[in-house]
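Structures are listed in the sections that come next.
Presented sequentially are two complexes of chain A, the first with chain B as partner and the second with chain C.
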Partner chain A sequence: MVHLSSLLLKKYHGGYVVLRLALAGHKQANRPFYRIVAAYNKRARDGKYIEQLGSYDPLPNIYNEKLVSFNFDRIKYWIGCGAHPSKPVAKLLGLAGFFPLHPMTITEAERRRAQTQRTETATGTEETVEEGQKPVEV
Partner chain B sequence: MFQVIGGRSVQAARLLAPRSAVLVEAVRGRKSRNDPVAKSKEGRIKTPPPVDPVEMVVLKERYSEYQLIMRALRLEFKEEVLRKRYEEETGSRAEERARQEAEEHQALMAWNDQENLRLLKLRVLRVQQEAEEAQRKKMEVIMQREQQQQELLKEKEKEILQLQEDIKNFITLENLDQRIEEALDNPKNYNFAIDKEGRVVKQTLLQ
Partner chain C sequence: MAALSTARCLFRSYSRVKNVQKSKQILMKCSVRTFCSETQDNAPTDNAKPSFSDPAVQDVLTRITGLDLQKVFRPIKQELKPPAYQLMTDKQLEEAVDLATEQAKKLLQMPPVLPERKPINDVLCEDKMLDGMDTAKYVFTDITYNIPHRERFIVVRQPNGTLRKASWEERDRLIQVYFPKSGRKITAPLIFEEKNLKLVYSQDRHEDVLDLCLVQFEPDSSEYIKVHAATYENLDKHGKYDLLRSTRHFGGLTWYLVNARRVDGLIVDMLKRELFQDAVSLVSLFHMVHPHSESAQEAASQQATGIDLLKIYAQKESQRSGYIELALQAYEQTAAEGSAA
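This part shows the complex of A and B:
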């Protein structure tokens, strides 16, 4: 695996910095809340991090929005120092417009659309079959 | 195979009606190397999800594009960070800042020296005054002691004068006979009572 850590970053056990989601606080069951965080690679997911760069609430609120926050200045700094963003963070940043849109976001969206279309056509054919049956019965 | 838990991880899924005394949870990878395959999974062949070649081509294209843009972005940000650092250390404002700091430092040092001078003067005055006070007190003590000595002398002189006066009433060998005769001639009677104010109560005077 190629480490893209640059020479600007201080070596720490030979690890590198990642930008990832860390679960914030175990105080409530079934209510997750993530912090977007710059941490060393080998640290625990919820363990000591270097800096918090934002937050992400996965459950939608009363207006059906999922709230995300970013500190773009510091994110730029860390990426410039050679930090790797994890896949969910990259996807979120792509949706925010800071990064280009992640390919998997697009493919997931296409797959979902194909799925819904397939179910729609299936229900459409079912309805037509039902309508066809009813006049026969009548 | 099973993990014994307690405390925080109790929130994890519990086995209903655990027979064991200790609470045990289901953990990923609970089967170790030598455990046999479960009966329901005996003939199972795991296959990865099928890959759509058309989608795969499109995906590869998208990924290459994405990685290109990401690399470019990363280089951009690195350059920005380096430039900022350079500006900090050797930028145009850095010299001004250094100069201002030096000036401030000089001003503060001058003020400090002034303060030190002022305090020095105050201290010198205070020390002088204290020395004078001490001197004065010493002199006072000496004076007092002299005074006391002189008083003592005076008292002693008074006593001597008193004694000299008392000498006249002393009984010496020459006066002895005369005095004895005087005493015998004048008998004195002390058998009387006295009240609180010193008056003699006449009734008790015996003859």
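This part shows the complex of A and C:
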């Protein structure tokens, strides 16, 4: 039910609707949990939203899964109404296969791979340095 | 000017409001999935072999299950309320008993017997460029309200970049997370382990185990079929068929035994309790399911009914023919004495 106040708000701010992550339960420290939400652009991140469209739990569970839920029916509706998804939501939808893959996801994957390679070569050189040192000491 | 734009805004948002309300109404009318609705859709009528959900088979099984009102409505563990007494005339009492029989029939609705489900191995996309993007899997569930759980999209993006459909166990777990069903746990209760099952069988609580299994697992999952098979085997070994008589699991037990061709114990039990009509229907069901066995062909050639069916079955198929024939003779004697006197 759209109340008169929110119409005035929209007219007043001239804002648009976004699909973004809102932090839920933000009174709990060190345990983030996000709601995927359709809200007006100018509203506070955790403030009043129009509709909740899903959830995202960034911490993996005992099965090493990060649980994400999407209400695709309503997401299609809001995108049809002209809502803009934010970058993290676009990335998640790309990973889900609903959107095409976000370029930053690929870039991040490449950066991670380069990082792991660098640490591997670093540990490799460290080990060879240690082996080199030991016979010298003995 | 401002009034015109606000009016336009009002009009646009009102159309949005209308759509939201309509979808809310659709959500309200969404009905809960019932147990037997699926089997009626996807069980094809097989002329070669009758399946569990055929009306003839169901008819026989409901008749054999029996309708002991005292046992169906025996006190179950629920909230303690003081009993309510009502003063009724005889006619009102009959009506109340009729209502009770109808409710008992609903309670005795048999859970479906389905073949085991095939594992899902569907890979939707292989993205090698996403390899090593994260250490954990991402599981995406579709929370749209009015789609059946079997058709829901649940996909997993693994750390090596492959996007695959979730396996049956993952599906069950996640559907329980987002659409919790009362009584179902995320991880299976410890009662379903081997040693715990043995303890439960020694305490004669087969019915409770089967009820728990029904709530916890889907009817075509491997654990459901395993637990049911183990329970039925145990019942057959010890001959404790009466534990399940007049409960909703009796049909499943009979179907399992008929398919395994080990109906002797059950027939002996029925004869002991002098349920001859039930024994006759059981033998006719056996002939329906195994039309190529010797006793079925013999019965078809002789067009036998009633006690003769039992005699043919006792001669041809069963291992305990002696007992069955003796019991039949005793029944005939008592019937003769009854008609003479």
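Going forward, the second predicted complex is superposed on the first by the 116 of 138 C-alpha atoms of A that agree within 3 Å, B and C clash if a C-alpha of one lies under 4 Å from a C-alpha of the other, contacts with A are read in each partner's own complex, and residues count from 1 in each chain.
The rule is simple: a contact is a pair of C-beta atoms (placed from the backbone, for glycine too) under 8 Å apart; a residue touches a chain by one contact, two chains touch by 3 or more.
Bear in mind that the values here come from a model prediction, so they are computed numbers and not experimental data.
A.B. asks: Considering only touches as defined above, state whether A:Ile106 meets chain B (first), chain C (second), both or neither.
C.D. replies: It touches chain B and chain C both.
A.B. asks: Once the structures are superposed on A, label A:Glu131 by its partner contacts, choosing first (chain B), second (chain C), both or neither.
C.D. replies: neither
A.B. asks: Contacts for A:Leu95 in the overlay, against chain B (first) and chain C (second): which applies, first, second, both or neither?
C.D. replies: The answer is second: A:Leu95 touches chain C but not chain B.
A.B. asks: With both complexes overlaid on chain A, does A:Asp73 touch chain B (first), chain C (second), both or neither?
C.D. replies: Only chain C; A:Asp73 stays clear of chain B.
A.B. asks: Applying the document's definition of touch, where does A:Cys81 land relative to chain B and chain C: first, second, both, or neither?
C.D. replies: In the superposed model, A:Cys81 contacts both chain B and chain C.
A.B. asks: Have a look and say if chain B or chain C is in touch with more residues of chain A.
C.D. replies: Partner touching more chain A residues in the overlay: C.
A.B. asks: With both complexes overlaid on chain A, does A:Glu120 touch chain B (first), chain C (second), both or neither?
C.D. replies: After superposing on A, A:Glu120 lies clear of both chain B and chain C.
A.B. asks: Is A:Asn64 in contact with chain B, with chain C, with both, or with neither (first, second, both, neither)?
C.D. replies: second
A.B. asks: Residue by residue on chain A, keep only those touching chain B in one complex and chain C in the other, then list them.
C.D. replies: 8, 77, 81, 106, 110
A.B. asks: With touch defined as at the start, can you tell me which chain C residues reach chain A in the complex?
C.D. replies: Touching chain A: residues 5-6, 9-10, 13-14, 16-17, 19-21, 124-125, 127, 129-145, 153, 155-157, 161, 163, 170, 174, 177-178 of chain C.
A.B. asks: Using the touch rule from the top, collect the residues of chain A that touch chain C in their complex.
C.D. replies: Answer in residue numbers: 1-2, 7-8, 10-11, 54, 60, 63-74, 77, 81, 92, 95-97, 101, 105-106, 108-110, 112-113, 116.
A.B. asks: Can you name the residues of chain A that touch chain B in the complex?
C.D. replies: It comes out as residues 4, 6, 8, 26, 29, 76-77, 79-82, 99-100, 102-103, 106-107, 110.
A.B. asks: For the complex, give me every residue of chain B touching chain A.
C.D. replies: Checking each residue of chain B against chain A gives 8, 11, 55, 58-59, 62-63, 65-66, 69-70, 73-74, 77-82.
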